[in-house]
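Same chain, two partners: chain A is paired with chain B first, then with chain C.
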Partner chain A sequence: MSSVIKTTTPFISKDLLCEALDTMDIHYTIKQDNIITELEDYYGLQMFVYSPELGRYQYQHDSSANGRFNPYPWGMDVNKWGTVSNFLQVVDTEYQNAYKRLEEKKLKEEEERKRKYIEAQKLKIIAKAESKGYSVKETRQGDKTRLVLVRTHY
Partner chain B sequence: MIYGPGCRYVIWLQGCRLHCKGCWNKSMWSFDPNILLEREELLRNILLKAADGVTILGGEPLEQPDNLLWLLNQLKKSGMHIMLYTGYEMNEISFEKKYQEICNMADILIPGRYHENERDIYLKWRGSRNQKIISKDDCVIKEEDSTNEIEIIIDENGKLCCLGYPDDSISDILSYPELTSTMKE
Partner chain C sequence: MPEERITIDIDDEGRITAKTSGFYGTACMDALIELLDKDDVPMVIKPTDDYYQNQKNTVNNIIRQKGGKL
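Entry: the complex of A and B
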């Protein structure tokens, strides 16, 4: 029988991981590079531990909390997700959502920077052209700006 | 406005063997393909734009006589106003039947080499004084040659394209050393 093994998205970014947990309303504290959640199992608080060798976070938890006992008998507050796997699936989704939001934000910032640059460039050209005696007419053609410079010689 | 009356669809045809001294469009001398377009596709694009007319320049438009003749025939059927630039002189055109046929289809024809020593940026639609405007509609050439027109297009990424007959002050206006050096070649 063939098997299908899926992993979660590698949690590389602390900021994105924290944003994902915020979205899920999970409280946590950060100690050095580790993100310690409020979720508790037999061995204590579960946490995302950063592994410099792997370059990503790994979730540290009691292996029995991953579906072997359902419900988990040692007071772990994972009822909402049932198992650690399910919990990590939700973290995965929210991590990807946070990544998309970041991309959109960066893209928007980049677009805004470009828009400001082009506007400044246009104003500079108009000012210089006028100082050289040209009259300038500006029109838009889709995404493009069209400047017609006219100087009459008498 | 820069290349003819009204709002125009402008086509630069790649390739020119005339090599006028002081030409500002040296990048269009090569016969290596630049943007390859099926003529049918070009025609469709032109008709979609609903411009007042089509202006064809280059390079040297008469270097692609068969395709140009086909295109002008199609445009004429659609009642399109045609303006054509060529570096060939009228006597040279008269020796070549196909050239003649093409030039006869133009509503406005601007023939003749660009002469650097006759350069005048205040001429209407042309770069040097020896070049004439031959028009089927006399009224368009009655306007005086006294205006210098330049068109600057800033694209969505801030890239500049300058068209027309600029003098040296344009380099200062554009503040674009790399563009300026291309133009001064």
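Entry: the complex of A and C
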């Protein structure tokens, strides 16, 4: 008999994990490094517990809530998630989506910073050039801004 | 009438390439340095052969920035 086991993405970032839970409309409270969900099992509320040794969050739950009893009789919202594994698969997907959104946001911010820097740099050069008697012509050449400065001595 | 010309290209990464013509000797470098803030940004300066000529003829030089400083 064979089996395939696939683990979730390591949940390293609290912010991303919380964003994933927000997207899934899971309510939670944060106590120190733990993210306590509204999902309940035989032992109480299930939670993401941060493990400094592993450097990531682990989901703490009753192991019997992972398919041993179906439906699970002690509180977990079986209709929506079925098992802990199913729940974690959705968290995994939303965590990765949150990560992608963060990357896109960072990239956009970086592009915007770069664009502002280049614009300021260009304006500085134009101002200096004009103060030194150059005439300035600006054009766009592919991915470049071209400034042609010309000064004629009479 | 002698004409001094500087062509400056700023790419989307903030790198600058500057070419000069119509300057005498090292005057082109002075003009570029004045415009590009040598103290602020690291630059690679590649004088062309003409740069070393003392005659009053056209020289071409290129200043290329290593990268945008953000």
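By definition in this document, the second predicted complex is superposed on the first by the 150 of 154 C-alpha atoms of A that agree within 3 Å, B and C clash if a C-alpha of one lies under 4 Å from a C-alpha of the other, contacts with A are read in each partner's own complex, and residues count from 1 in each chain.
In this text, contacts are C-beta pairs under 8 Å (C-beta built on N, C-alpha and C of every residue); 3 or more make two chains touch, one makes a residue touch a chain.
As the structure is a computational prediction, the values presented were derived from the model and not from experiment.
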* **Simultaneous placement of chain C and chain B on chain A, clash or fit** => clash
* To do: Identify the partner contact of A:129: answer first if only chain B is touched, second if only chain C is, both if each is, neither if none is.
  => both
* Asked: After lining up the shared chain so the two structures overlap, which partner does A:140 touch, if you call chain B first and chain C second: first, second, both or neither?
  -> neither
* Touched partner set for A:113, first chain B, second chain C, both or neither -> second
* To do: Check the residue A:31 against both partner chains and state whether it touches chain B (first), chain C (second), both, or neither.
  => neither
* **Residue range of chain B overlapping chain C upon superposition on chain A, of 19-27, 55-63 or 91-99** => 19-27
* If you lay the two complexes on top of each other, which residues of chain A touch chain B in one and chain C in the other? -> 114, 117-118, 121-122, 124-125, 128-129, 132, 134, 141, 143-154
* Asked: For chain A, which residues count as touching chain B in their complex?
  -> 114, 117-118, 121-122, 124-125, 128-129, 132, 134, 141, 143-154
* Structure fact -> Given the complex, residues on chain B that touch chain A span 1-2, 122, 146-158, 160, 164, 169, 172-175
* Flag every residue of chain C that touches chain A in the complex, lowest number first. => 1-14, 16, 31, 34-37, 68-70
* Structure fact -> Listed in rising order, chain A residues that touch chain C in their complex are 113-114, 117-118, 121-122, 124-125, 128-129, 132, 134, 141, 143-154
